[in-house]
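Below: a set of structures, written as structure tokens.
Consider the two complexes below, in which subunit A is the common component and subunit B and subunit C are the respective partners.
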Partner chain A sequence: MIKELRVDDRLIHGQVALTWPGHLGTSHIVVANDAASKNEMQQSALKMSVQGTAKVLVRDVDGAIKLFQNPKAKSIPMFVVVNQVKDAERIYSGLNGQQIERINIANVGRFDGVDKNLKTEINGSILLTTADKDAANKLLNSGANVVHQVIPTDKAEKFSNLLKE
Partner chain B sequence: MNSFLIITHSTLAEGFYNSTKFLSGLTTNVKFIDAYVDESDWTKEAEKIISSQDKDKQLIVLTDIYGGSVNQKMTLMLAKYHFILITGVNLPLVLSLVLETQPLTKEKCENLVEEARRQLQIIEPIKSDSNETDSDFLS
Partner chain C sequence: MSNNIILAAFLCGLAEFICYGGDWLLGQNMADQPIVVGPLVGLLLGDLQTGIILGAMLEATFIGAVNVGGAVSLNPSVATVLAVAYAIIGGGDTKAAVALAIPMGLLGGLLEVGTYVLFSLFQDSWTDAADKANEKKLIWLHYGVWFARSLVFFVAVFITVVIGVKPVAAFIKSLPSFVENGLGLTGGLLPAAGFAMLLSMVWEKKLAVWYFLGFILVEYVKLPLLAVGIIGLVFAVVFAFYDKDIFDLKHSKTDTNSNKSASQQEEEDFLS
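The block that comes next holds the complex of A and B.
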């Protein structure tokens, strides 16, 4: 069961590792990222952020979907991190919208090298490419629970309200 | 529950505050003093904060350098007021302190100091275990 599917352009980092697993009561973190799944160095660096406090598995997006479909995965509360909205959407539709309690679009589009003028700036930490914006709309239209909440002490904002503005 | 006062030579204390806020959002009980940034006597401000401390809350004072004047002055204040003084502050320590939901005792602080001390280390390149299976993870 996915307690939270987080979109964060830094994947697992200090903010994520320190506060979210405890807040969500999960000790299983899955990084679903095509590039990181092929890069051992990046995997090692990602795992440093949790230092034995949680189990971390890095998979490409398809591999992650396969993992979530494992019957055992359904009873384990998991925290899943992707770095773009379209990957979140791939997971959501790959699982037919099942098993995902919440999608949190926290930080996105700041470090992808895409020209800022080609993106929609939702707020200081969310810059959406056309592909990501389409994916966000697709998620909202399928009835997914999509929010924006960077750290647990922040208020969770409905993403639909942010997109409207 | 617990409250904190970070005091350093110049603006590092403010930096600890800002980074803690950025990472955890938990700074309602954190105060800081950037000592010696101007001519004023920072010890007066420190004493004011310490003497007006809510008795129900444990106050932890964090300073930067063991032998520095900031820590010397706070050590003297330990004779007069009840608080826990920790020096050699680093960011992992501040974070583990503010994330603690239980009242902090000296013993608990000793454990957190030990953990934070272990964060100071030389990093070697590591090899990741790429053969990890789904069942390993789900077991």
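The block that comes next holds the complex of A and C.
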């Protein structure tokens, strides 16, 4: 069961490792990222950043989807982190929208090296490429619960409202 | 205005510079925490004891106010320097000083965000220097921006102490005594609020029992806090050794299970 599917361009960092697992009541973090799954150095850095507080597993997106379909995984509350909206959409459709309580587009598109002029700036922490925007619309159209909430003490904003503005 | 207050304000500013600047210079080493700042300011102002007492009370208050990433809530070092200055220079009650520290910490947090905005003006110089591989310029920017940013805090604390501490202390003394009493009571409650914030972050079933054990030891057994602290340390050491044994055991297990791929094994460990 996925308590939260978070889109964060830094994957695991302080906000993710320290504030969210306690708030969500989960001690299992899955990083679903194609690049990180092939980069051992990045994997050990990701694991190091949550030393002791939670278990971390790094998989490519398809591997992560397979993991979530494992019957054992269905009973464990998990916190899943991806770094682009596209990947969140892949997981959502890969699971037919099942098991995912909430998708949180928290931070995205600040460090991907794509020219800022080619992106839509939703707010200071969300810059969407056209691919990401399409993915977000696809998620909304299929009825996913999509919000924007950087840390637990922030208010959760409906992502559809942010896109309209 | 006497020279004394100027000197005292300079020392307060210096302490802020050392602690806040020192924290950021050497990899966020926590030098900006009240437990470090309080005694230093106390020492510089000639009243170490008050500095230590306030440092400890404020540490308990601010321990749950963690600034994660760019999300700044409170600045503990500004709050501590000004609270200790209020107690020592202004002769104010230490508990009232704790209550006053909260709004000071909030203003310090605003100042911190302000400096982030201000010094982001150098962003293009950084990128430019990195593009041209200009090592000298990068080093200058690194230490220069650090120095300028810490200097802003030095100046802010200096000015606040010079113009603010004595008038505020005199003002609070001029109010009816129930106001200072009320501030003192609030100040006494704030460390509890600080710990509550910390607990809300780290609370889980496994840890909750320790909370109740601590409560019983203090409230019913009436042990002094030092004794409770040492008991805690003993438990921590015992559990650290157990954890190490378990860790070693797990690792020897994965070595023998070599018929599974590392990736499968990893997945099984994760789901277990």
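The rule is simple: the second predicted complex is superposed on the first by the 165 of 165 C-alpha atoms of A that agree within 3 Å, B and C clash if a C-alpha of one lies under 4 Å from a C-alpha of the other, contacts with A are read in each partner's own complex, and residues count from 1 in each chain.
By definition in this document, contacts are C-beta pairs under 8 Å (C-beta built on N, C-alpha and C of every residue); 3 or more make two chains touch, one makes a residue touch a chain.
Predicted, not measured: the structure shown is a model, and the values here were computed from it.
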item	value
Side-by-side fit of subunit B and subunit C on subunit A, or clash	clash
Which of subunit B and subunit C A:Asp112 touches, first, second, both or neither	neither
Per-residue touch tally on subunit A - higher for subunit B or for subunit C	B
Which superposed partner A:Glu121 touches (first subunit B, second subunit C, both, neither)	neither
Partner chain in contact with A:Ile151 - subunit B first, subunit C second, else both or neither	both
Touching partner for A:Lys55 - first (subunit B), second (subunit C), both, neither	both
Subunit B and subunit C footprints on subunit A, overlapping residues	14-15, 18-19, 22, 28, 55, 57, 67, 70, 72-73, 76, 151
Subunit A-facing residues of subunit B, complex	22-26, 95, 99, 125-128, 130, 132, 134-135, 137-138
Contact set on subunit A toward subunit C in their complex	13-15, 18-19, 22, 28, 55, 57, 67, 70, 72-73, 76, 150-151
Contact footprint of subunit A on subunit C as seen in their complex	66, 68-69, 71, 200-204, 266-267, 269-271
Subunit A to subunit B touching residues, read off their complex	14-15, 18-19, 22, 28, 30, 40-41, 43-44, 47-48, 55, 57, 66-67, 70, 72-73, 76, 151-154
